[in-house]
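Structures incoming, each one as C-alpha cells.
Two complexes, one shared chain (chain A), two partners (chain B, chain C).
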Partner chain A sequence: MNPEQKRTIPPSPSKIKGYITAILFIILIWGSSVKTESSIGEFIVGFPNIMDLLGQMFPPNWGYFNNITDAMLETIRMAVIGTTFGAILSIPVTLFSASNLVQNAWIFYPVRFILNLIRTIPDLLLAAIFVAIFGLGSLPGILSLTVFSIGIIAKLTYEAIESIDQGPLEAMTAVGANKIQLIVFGVIPQVLAYFISYILYTFEINVRAAAVLGLVGAGGIGLFYNKTLGFLEYDKASSIILYTLVVVLFIDFISTKLREKLI
Partner chain B sequence: MIEFIDVSKTYPNGFQGLKKINLKIEKGEFVVIVGLSGAGKSTLLRSINKLNEITDGEILIDGISITDATGADLRRIRRDIGMIFQNFNLVKRSTVLRNVLSGRVGYHSTWRTIFGLFPKEDENLAFDALERVNILDKAYTRADQLSGGQQQRVSIARALAQEAKIILADEPVASLDPLTTKQVMDDLQRINQELGITTIVNLHHVELAKEYATRIIGMRAGEVVFDGPAAKADDETFAEIYGQGIKESGLLGESVS
Partner chain C sequence: MSETTRIIPKPKKNKIGLWFIYSALLLIYIWAFSGMGLPEIKQTAGQISKAIFSGIFHPDWNYISEPGGEDLLHGLLDTLAIAILGTFISAFLCIPFAFWSAANMSKGRAIPSFGKFALSFIRTFPELVMAIMFIKAVGPGSFAGVLALGLHSIGMLGKLFSEEIENMDSGPTEALIATGANRIQTLWFAIIPQVIPGFLSYTLYRFEINVRSATILGVIGAGGIGTPLIFALTSRDWNRVGIILIGIIVMVTMIDLISGYLRKKFI
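Now for the complex of A and B:
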C-alpha cells in the first residue's frame, strides 16, 4: 500500500441503538418482576424450603412403584393412541395446507390459520375442556393429545412437502396423472420418512404431556402427582418423578435412534 | 401428427415467448429444436403437452385440440405424450421399477394405482422398457443410487412404459457428460427408428442437432427462423439462428465425445 495515500476511515456506526435495546430490556425484566411481586430476596428466604422438601423426598418410596405401574402404562397407551389418531387426522390437514399442492390461497390460508389456532391452545387447557365435556378418565386425555398432535405433525409435514423437489410432480403431470396419483407417486415417497420421524417426535412430546394431564383429571400418572402432593407424601411423589424420568428418557432414546435411521 | 396453428404466448409481464407459430410435425419425425436460451424452445415444447399454457392459437394432437382439453380429456392426451427433462425428474427415493411404472398411472383407476396394483402386463412393459435402454439389472435399485446418464435412461423407460406416441425431450443431455450424452441420444434415436415414436428434442448443441435430427427447427426471439431437413442446415443457417456470434466462438466446429 502506498503510505502517502491518505486513508479515509468511515465513521463508526452509532452505538445508540444498542444502548436503547439494553435499557428497554432491563426495564422489561425489572417491570415484570415488580408486577409479579417476585424478588431475589424472596428466593433467598425461600431457598431453605427447597432443601427441606428435597430432604423429605429422599429416600423415594421404592415400594410405591408397584402401585403406579398401571397408571404409567395408561399414560403411555394414551400417548400411543393420541399420537396415532393425531397422525391419521393430520394427513388431510397437511395436504390442504401445502401451497404447492393446493394452489388456491382461499383454501390453504384458512386451513393453516386453524392449524395455528390449535397450536396456541396449551395441552393442559385442551384436556380441561375435554374433561368438562366427557368427564374424568383417559378419554379426554387421549382427545386432547390427538388435537395437540395434529397441530405439530401437520405443521412440520406441510413444511416438508413445500420443500420437496417439484420435478417429479411435473413429470407426473406430464404422464397424465390426476391429483391423487400425483400425490401418491410424486409427493408421498419424498416425505414419508419425514412424516414418520415427526410422528415419533410428537410421540416423545406426548408421553411427557400425558404425564401431567392427570392434574386436570384426564387420566394417566398425573393423577398420582395430585394425590401424593395433596397428602404431602413427598417420598411417593419423588418415586413418581423418578419413574416418569426413566420412562421418558427410555422412550426418547429409542425414538431418537429410530429417527436417525429414517432420515 | 402435431399441428401448431397461430400459436402465441404472452407472459403476464408482456414478454412474448412465442409469436404466431405455425408448424406441422408428422408421425415418426425426429425433430430437434435449436436456439439460444430464452428463444422459446422450452415454451414451444412444453406447450405441446400443456405444461405451459398458450395465450393464443391452437395446438392439435392427431386432430384433437389439447388447448381446449381439460380434466380427464387432458390427462388422456398427456398419457400418450412422454416427457424427458433435463433434471430427469425421477422420484429419487423410489425404485427404478416404481418410477417406470408411474408412467402407467394414466391407464388405471385411482384406487388401483394408490395401492400399486399394476397388472402383470404393466410390469412386463416396464421390464421391456428398461431392457430397451439397457438398464434392466437396476430395476430394484433406488433411483438416487444411479448415475446421471442411468437416471436419464430410466426416464426414457418411463416414457416407453407409457406407450407414448410422442416423446418430448427438454434439454435431455444438458447435465450429462459427452459420453453419456451420446448414449442417451442414441437411445432416443433407436426408439424413434424402431418404434416410430415421434420425437421432439430441445438441444443447445448444434453438432448433436445435425447428427441426430431428421428435421431441424431453429428458433430466435419466439419465432421459427429455420425449418427444414438437417442436411439443409449449414453454417449460414446456424449463424442466422444464433446471431453472428457463433462463428467467432468456434462452437460450430466443436464435436461430441
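Now for the complex of A and C:
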C-alpha cells in the first residue's frame, strides 16, 4: 500500500434511501394539507379572530368560580370512582394476561388482545356511546372512565408482574404452594407499590379526561364549556379553563409526590 | 437443635401513618360516593346496548366506500391527515420550547423552570377546548382540528424533547467548544445528532396519540371520522356506528403496529 491510497476518503454511503424517505415524507405532508384544506393564508386571515377571542377571554369572570365549583367537585368524584372501579376490575384481567402466572398461551394472548382493543377506543368515544345507552348524566362518564382505566392499569401492571423476581415464586412452588398462595405471598408484595403508583397515574389522566367528558353530555365540568361557549361568554369559559388548570396541577402535584414516595 | 421453628419478629411498621392514609382514603370515598346519588338506569338501556352489540356484529358494510365521498374510508383518511399534519406542526413548534426548558441549555434555574411551566400549561389546556376556539377563528372543518392538535401536542412533545436534551452526553459539546466551535456549530454537530433519534421516536409516539385524538375531534365539528359517528349515534343507526367503530379500531391498531416498528428501528 502506498501512502496515497491510504489517504483517499471512503465513499459516503448511498443517499438514495434518504432522498426517497424525504420525498415520501413531503408527499405525505402535502397530501394531508390538501386533504384537511389547511393553508397558512387561511390561518393568517383567521389570526385576528384568535386575538379577538383571547382579548375577550382575558379578564376571566372571577364571580363565575362559585357557579362551577359543584361541577368541578363532580368531575373529581367521577375520576375517583371511575379509577377505583377500573382498578378493581383490572386485577383479574392483569392476572390472566401475565405470561408468568398463566402459562397457557391460549388464555393470555386473547386477554391481551381484548386489552389492546379497549385501548384503541378514545375515552370520549366510549362516553358518547355510553351516553347513547344510559342517557345524560355522570353515570356514562364514570363507566367510560372505568373501561378506559382498565386498559391502562391492566397493561402497565401485567408488564410489572412479568418483570418481577422469579426467585420467590420458584421457592414457593418448591414448598408446594398453590396458585392463590403464590399470588398472595409471591406476586402481590412485589408489585403492590407499582400497582398503586399506576392507579395514581391513571387518576391524573382521568381527571383531565373527566374535565372534557361533559362535551358529549357525560357530566362534570365539560357541560359548562358547551353552555358558555355556545352563548359566546368567553370570560366565563376562560375562568373554567383556569379553574381546571389549577385543580389539575394541584392533583398532579399531590399524586406525583405520592408516587415518588411509593417507588 | 430445639429451636427449629423460631418465629422471626415482624418489622415494625409506621402504624399511625398507615391508619392516617386509610382514614383519608375512606373519607375520600365517602365523599365521592355520597355525592353521586343512586344512578338512574333508563328502561331502554338494555335494549339499546343490545342494538349496539348487534350493530357491531352486523356492520353496515356498504358504508365503507360510497359514491359521493361521505363514507368511512374518506372519514378515516381525513382523520389520519389531521393527525399527520398536527404532529408535524407540533414537532417543529416544540423545538424552541424544548431548548428553552432544558436545564442544561441555559445558566440558572429561572428560565428552564418558566419554560417547563409554560409547557405544562399547554398540556393541561384540553385539546377539544382548543379546537372549539380554533373553530371560531378558521371555521368548522379539519383545519381547526389540525391547529388544535398542533398546539396541544407542543405541551407533551416539548417536555419529552427537553428531557431528551437533558439526558444527552455532554462530552461531544465540550470537545467542540474546546476546539473553538461557536454556539451554532456545537448545536449542529454535537447536540442535534445526539437528540434526533429520540425526537423522531417521541414524535411517532405522539402521532399514535394524535390519531386517537383526531377520531374524537369531529364530535365538536373539527373534522375527521367523529362527525359521522356522532350523527350515527344521534340518529340511532347502530349498524353504521358498528362499522365506524370497527374502522377506528382497525386504523388505530395498524398505526400502532407501523409506528412501533419504526420506533424500534430508530432507537
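To be clear about the criterion, the second predicted complex is superposed on the first by the 251 of 263 C-alpha atoms of A that agree within 3 Å, B and C clash if a C-alpha of one lies under 4 Å from a C-alpha of the other, contacts with A are read in each partner's own complex, and residues count from 1 in each chain.
One rule holds for everything that comes next: a residue touches a chain if its C-beta (ideal position, glycine included) is under 8 Å from a C-beta of that chain, and two chains touch if they have at least 3 such contacts.
This is a predicted model, so every value here is computed, not measured.
Of the two partner chains placed by superposition, only chain C is touched by A:T244; chain B is not. Chain A has more of its residues touched by C than by the other of chain B and chain C.
Using the contact criterion defined above for the overlaid structures, shared-chain residue A:A193 touches chain B, although it does not reach chain C.
In the superposition on chain A, contact of A:E42 is made with chain C only, not with chain B. In the superposed model, A:V184 lies in contact with chain B only, and not with chain C. In the superposed model, A:M172 makes contact with chain B only, not with chain C.
In the superposed model, A:Y225 lies in contact with chain C only, and not with chain B. By the touch criterion defined above, A:R77 reaches chain C but does not reach chain B. Across the superposed pair, chain B and chain C touch chain A at no common residue. Residues of chain C that touch chain A in their complex: 28-29, 31-33, 35-36, 39-42, 45, 48-49, 52, 77-78, 80-82, 84-85, 88, 120-121, 124-126, 128-129, 132-134, 136-139, 141-143, 145-147, 212-213, 215-216, 219-220, 223, 226, 229-230, 233-234, 236, 241, 245, 248-249, 252-253, 256. Listed in rising order, the residues of chain A touching chain C in the complex are 28-29, 31-33, 35-39, 42-43, 46-47, 49-50, 53, 73-74, 76-77, 80-81, 84, 116-117, 120-122, 124-125, 128-129, 132-135, 137-139, 142, 208, 211-212, 215-216, 225, 229, 237, 241, 244-245, 248-249. Residue ranges on chain A touching chain B, taken from their complex, read 165, 167-168, 170-178, 180-181, 184-186, 189-190, 192-193. By the touch criterion given at the top, residues 49, 51, 72, 74-83, 85, 87-94, 98, 102-103, 105-106, 110, 113-114, 155, 158, 162 of chain B touch chain A in their complex.
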